[in-house]
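The following blocks contain the structures, represented as structure tokens.
Across the two complexes that follow, chain A remains constant while its partner is chain B and subsequently chain C.
The block that comes next holds the complex of A and B.
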């Protein structure tokens, strides 16, 4: 029998891919901007998250195959942030590292990239991660001042230097603070999402309910000790600082809207159903089956597949954070799965309405037919399977750290479910993270 | 955790003043460093009979085995009678053959004759037999006389020297592993803050290490409350002795715990010891990550001092829950698991407050007295597996906890022992490590105080 194209391809490119396993994770508690980590740099926090992981898994002096991490708000001096963090950690200094940046999908992209290397046999072990500080964000000088300073440094005479600096005007001295506005539209992410919220007619009540569930579920997980082996305290912060145990629908309903105030439709997005600025770091330990066995670590989950997507939010009709609505259907089709095949669905709560607009799109017959090319609606997610231990609304969202938080949390949950039902059918989780620039990254995990 | 008075009276003018005024003059204790000689100078072994000969052979015999009842000699310079001009590092008095108190005179007076020339940080160790009601009265009197004599002698020594006793239970030979290991411990600097204590060897159980500097090589030990203070020192000391350490503390102490685990190259397990599944999780972590569990050190403890008249239920209950309730529950889980059966050792932290009592500490005293009762009753449950449970009772130890005692009270509390100073966390850790070693299985439910011979209690 002649070999199939796939077999031939496998032969041409080497051995068939192996399983890449999530073995564990560690993060520091997430803190509200200006809080416990106000004086901590990205490098400090990433190093702390790495050291906690090393302590949990006894990796002192161990050479890990590769460490990949990144930050969204990054100082230019942090050009080698991950490697510098590795050198400051208890890992062997012979551990290679690289930085990666894909806006809020950074953390999940490090998991996907390293898992792929493991699957290909390039790595036996890896640590994925991400960190962000809005408290210690880089502050730059204005472009006019920067150009003048550079010109002055190139000048060959005192006169030329003075002439260059003379171009500086008082207004040029104002520092350029980091902005999360979209460069091509000038709109903040919240204003973009307000457009999408209005487009899909998402109610204030639905957003507040999702936010409340996030806080309640995260609090329950903390109280049950679920994070005992996922989080290591840092600088006196022992739990996520953004978690509001005492919040309620009444309290959330009392908040004034902050985004979409200029739209024709009622403004529904508040500080309560949007993620706050947050500081934090997260890491995920990945490995091959043989590495896990040799290090006596029980695998939690396998990284099965991933799909990135992007939408033309500048000219098209799709909202800035809607890329996962397109990426997930492609990802599931490739794997022969439907939404019903997932015991857990993790959709990053950039805003409550991001989750709700994504779910609405999947439930829409019209969207399914016209935008996804399906016969009807893509499918429905059971709310009981959605963000079961809370998500970014409650935990906070240190941009690049969110992917690691989600992967480690849901992998532990997958393993728990597997232990509770040994030998049963596959138990899967879907992970979806939206990001600036109209990006989205999605992945499938399966209980190990 | 500095002791300024100790620093002061060991230097220059203040030293002279202190001497003339008869003020306490504590000296800095010398602590154990791996690889250093066991003792600095000759040893004097006093007493007659087979046991004294066996001890002398053990101490003087060549390393690597000399044949005879004790296989591995320690190659030390041993004298059998006082030599004029000799400056002894240690005196071992073998008194196992006593049948009448009158027989104490010869060996003890011989020991007394060399005390003035005893090296600083010298060691006196007696080896005697336990007095029981079944003994002839004269025998029991002689044996119990050693107890009172030893405790008095310890109070006479100065310059960081200590006196401690090895008591052999009926039928236990002087070559028993636990007796040999205890002799080495008491002669060594590991026992720097152990003074005026007698410890009974209950059985021949236990095995001697092949390397005295790494008695815990290949062993896996769990230490609770390991994030700081005494627990941190225990984790470091067990790791130095060769153990792989699982460092346990409450999740809120995770940052310091991770630092400890990384320093000792062990693993961190964030866990509240009072959780219902604490024992199961400890065992699961040790077995899954390290393949075995040999030693559990119950160190986690809290203080919530109040006079009983002002005591609140939460202060009482939390102290009892952490300090003894958790130990009982974890032991129960370990004992019923079937996975804690290869010469397992439990070492629990008691306190001199649990022996002598302390004003404002009825809750703490109950919990620490409870620990002593617990090890006594747990050891027989572990003995069938070649294992044991014992307790360490620290006295005044220089930690964050004692640093919060008001200054004058603290200064007084420090001097109320024969060594006239507070101990260091490492002193407790050394004793824990000793009782955690495989040789210590011959001690069954005993308590060893690390208190510099505190004036209160036994």
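The block that comes next holds the complex of A and C.
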């Protein structure tokens, strides 16, 4: 039905979209599973990251427009994880919050969603974030035990309760730990990526080189003090626990492959060029120009646009983690940009080969023509612009926290470049995050 | 059993239609089936089975699916728990009727020990949880096979208007049972098949040791080779084996909603999946619809292959 004149007029009276700005970020150092945060819950870690942000920007007692965060491995008691974390933080208790979940894209989606609200004039300020703990992961009871317990709790007599509980068998008592396998294929993310790695013929050497660069660049950033205003120590952890300063191509080459062992092609994916299980939390402060000015905060970057994508990995059409390879070309086309227009490209390192298969797809004439509908290859990313301060291979990957880590890091870098070249042409960053379920989320940031 | 009605000419041929008041209980039929094993021992010793299929079709009207059992089936094989009956669930619903045909006196081979070698289902439209179905089952296509004797069990499901919604043909092979009056093996499509080459997998199933018992609970098919490793040993398998229709139903579920409401779903069963098992799987689009394969990830030998194609 076409809109009536009145409806069209009502739409036109809303405030025009305005800029949504990244004002800062704070995370806790990421720790290896079973490490410094082994006894900390998702709520503990998210609250710690929030409080660090509050302290950094003097937001004690302040009502923020909205806080959005999430966790991928989430306990059912955490149905209001973000709101509970806000209530436990030093933000004003009148700060609204909501939970969000989009697998490993959760953190980036909180940034995109809140930035859109700011652009629409619904919010003046917001905090985006994410947290995950693989050490304190929720353990559920088996389906049969759960059903028996629920039936017993609904029973109206002791006899009915006993009858319900009598159905429980010893094997039903085994706990159900969260599985990282794709529910529809039964393959782990690593096994899925091993198929994609083989399909694109990515070498072990290329993967190890990317992993080494990630560690070297993250170490250099820590050493240069780059993270001093982005990270707050927690539970004795002062730097990312997964960072290996002493790693080398020789050490990485000595590791035994862990994924793709059953394939016809040589297995190339190891613990060294795959992201380890990690605990951690990250937050990003967002706001409008007027809110930033009123709070005397220097904007770092603007959130320009975002594009989500998904692939049919269930029927083997594309690799599980290849959605960004399709989403980025759409995003750039909509904004009239090419890969050459980006000073920084951040591709989440779920595995080294995830980055490399994405780049290989963009460099492939055939993929460009047949899958992207272009005249040829989509383009090439200059390695010097890729993940300049390291990424998940070195920092670790607490699933929902990764988006916040990337956005805060690259926004600070964008601002630094802007300060170094004032008044020049736009300085842009591309952010790409793959996720379980064949999902991908991508975004454009621009130096403010 | 009540009065016979004349044949209606929808694939029944001259068969007598015997209307049953309800779908029979499988437990009793298995007792009859095991009794069949005893008589067949005699038959095998003599090296022959009876020469013809019973000329009977069983019918039950007003059959409705049970919501709890449907949900359990859908959860087990990986279907969404919608109110549409998965094509494999209609098979399960009508299975006791097919077993009743196979345990009718004079059926040429015993139920227990017969191997399900192929299955073809044509779904004309989705059957719904809340609609009464008329189910019919009969046998056809008795023929010699290199390894024994083969017959097809036909099941149809029709709606209240008499419109056919579902047709299933299950091919069973009785190894070592030979028909004296039908010498020489008939055409065997299995032997013309090109050798199986394991494709790139799209997934891998984790079938636990009690998968046979879980599928038995939702399907009613408590054939001992699926629920007990001891019984399976008696039939020459080192461990209990997965129900063929469990694995075929999982493949259909992996195709998902893309098959649409009307389709033909085939399965050819090669080696059974020993339990517990973690076979490799490929479910992917091909020229017309979907093709699937399930195979042993280590040896590369096939468990089953099939297609799901639009009608």
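By definition in this document, the second predicted complex is superposed on the first by the 435 of 448 C-alpha atoms of A that agree within 3 Å, B and C clash if a C-alpha of one lies under 4 Å from a C-alpha of the other, contacts with A are read in each partner's own complex, and residues count from 1 in each chain.
Note that a contact is a pair of C-beta atoms (placed from the backbone, for glycine too) under 8 Å apart; a residue touches a chain by one contact, two chains touch by 3 or more.
This one's a predicted model, so the numbers in the text were calculated from it and none came from an experiment.
Visitor: After aligning the two structures on chain A, examine chain B and chain C and state clash or fit.
Guide: fit
Visitor: Who does A:57 touch here: chain B (first), chain C (second), both, or neither?
Guide: A:57: touches chain B, not chain C.
Visitor: In the superposed arrangement, does A:298 touch chain B (first), chain C (second), both or neither?
Guide: first
Visitor: By the touch definition at the top of the document, which applies to A:251: first (chain B), second (chain C), both, or neither?
Guide: After superposition on chain A, A:251 lies in contact with neither partner.
Visitor: Chain A residues in contact: does chain B have more, or chain C?
Guide: Higher number of touched chain A residues: B.
Visitor: So, A:317: does it touch chain B (first), chain C (second), both, or neither?
Guide: A:317 contacts chain C only, not chain B.
Visitor: Looking at A:195, would you say it contacts chain B, chain C, both, or neither? Reply first, second, both or neither.
Guide: second
Visitor: Could you look at A:262 and tell me whether it touches chain B, chain C, both or neither (first, second, both, neither)?
Guide: second
Visitor: Which partner does A:48 reach: the first (chain B), the second (chain C), both, or neither?
Guide: Touch partner of A:48: chain B, not chain C.
Visitor: Could you work out the angle between chain B and chain C as seen from chain A, using CA centres and rounding to the nearest 10 degrees?
Guide: Vertex chain A, arms to chain B and chain C: 150 degrees.
Visitor: Minimum Cα separation, chain B versus chain C, post-superposition (Å)?
Guide: Once the two complexes are overlaid, chain B and chain C approach no closer than 45 Å between C-alpha atoms.
Visitor: Which chain A residues are contacted by chain C in one complex and by chain B in the other?
Guide: Looking at chain A, the two contact sets are disjoint.
Visitor: Name, in rising order, each residue of chain A that touches chain C in their complex.
Guide: 171, 182, 184-187, 191, 195, 199, 262, 313-317
Visitor: Where on chain C does chain A make contact in their complex?
Guide: Listed in rising order, the residues are 78, 200-206, 210, 254-256, 258, 278, 280-285, 290, 297-298.
Visitor: Along chain A, where are the residues that touch chain B in the complex?
Guide: So the residues of chain A touching chain B come out as 48, 51-52, 54-58, 60-61, 90, 225, 227-229, 231-235, 238, 296-298.
Visitor: Show which residues of chain B lie in contact with chain A when the two form their complex.
Guide: Against chain A, chain B makes touches at 247, 251-255, 257-259, 261-262, 265-272, 275, 288-291.
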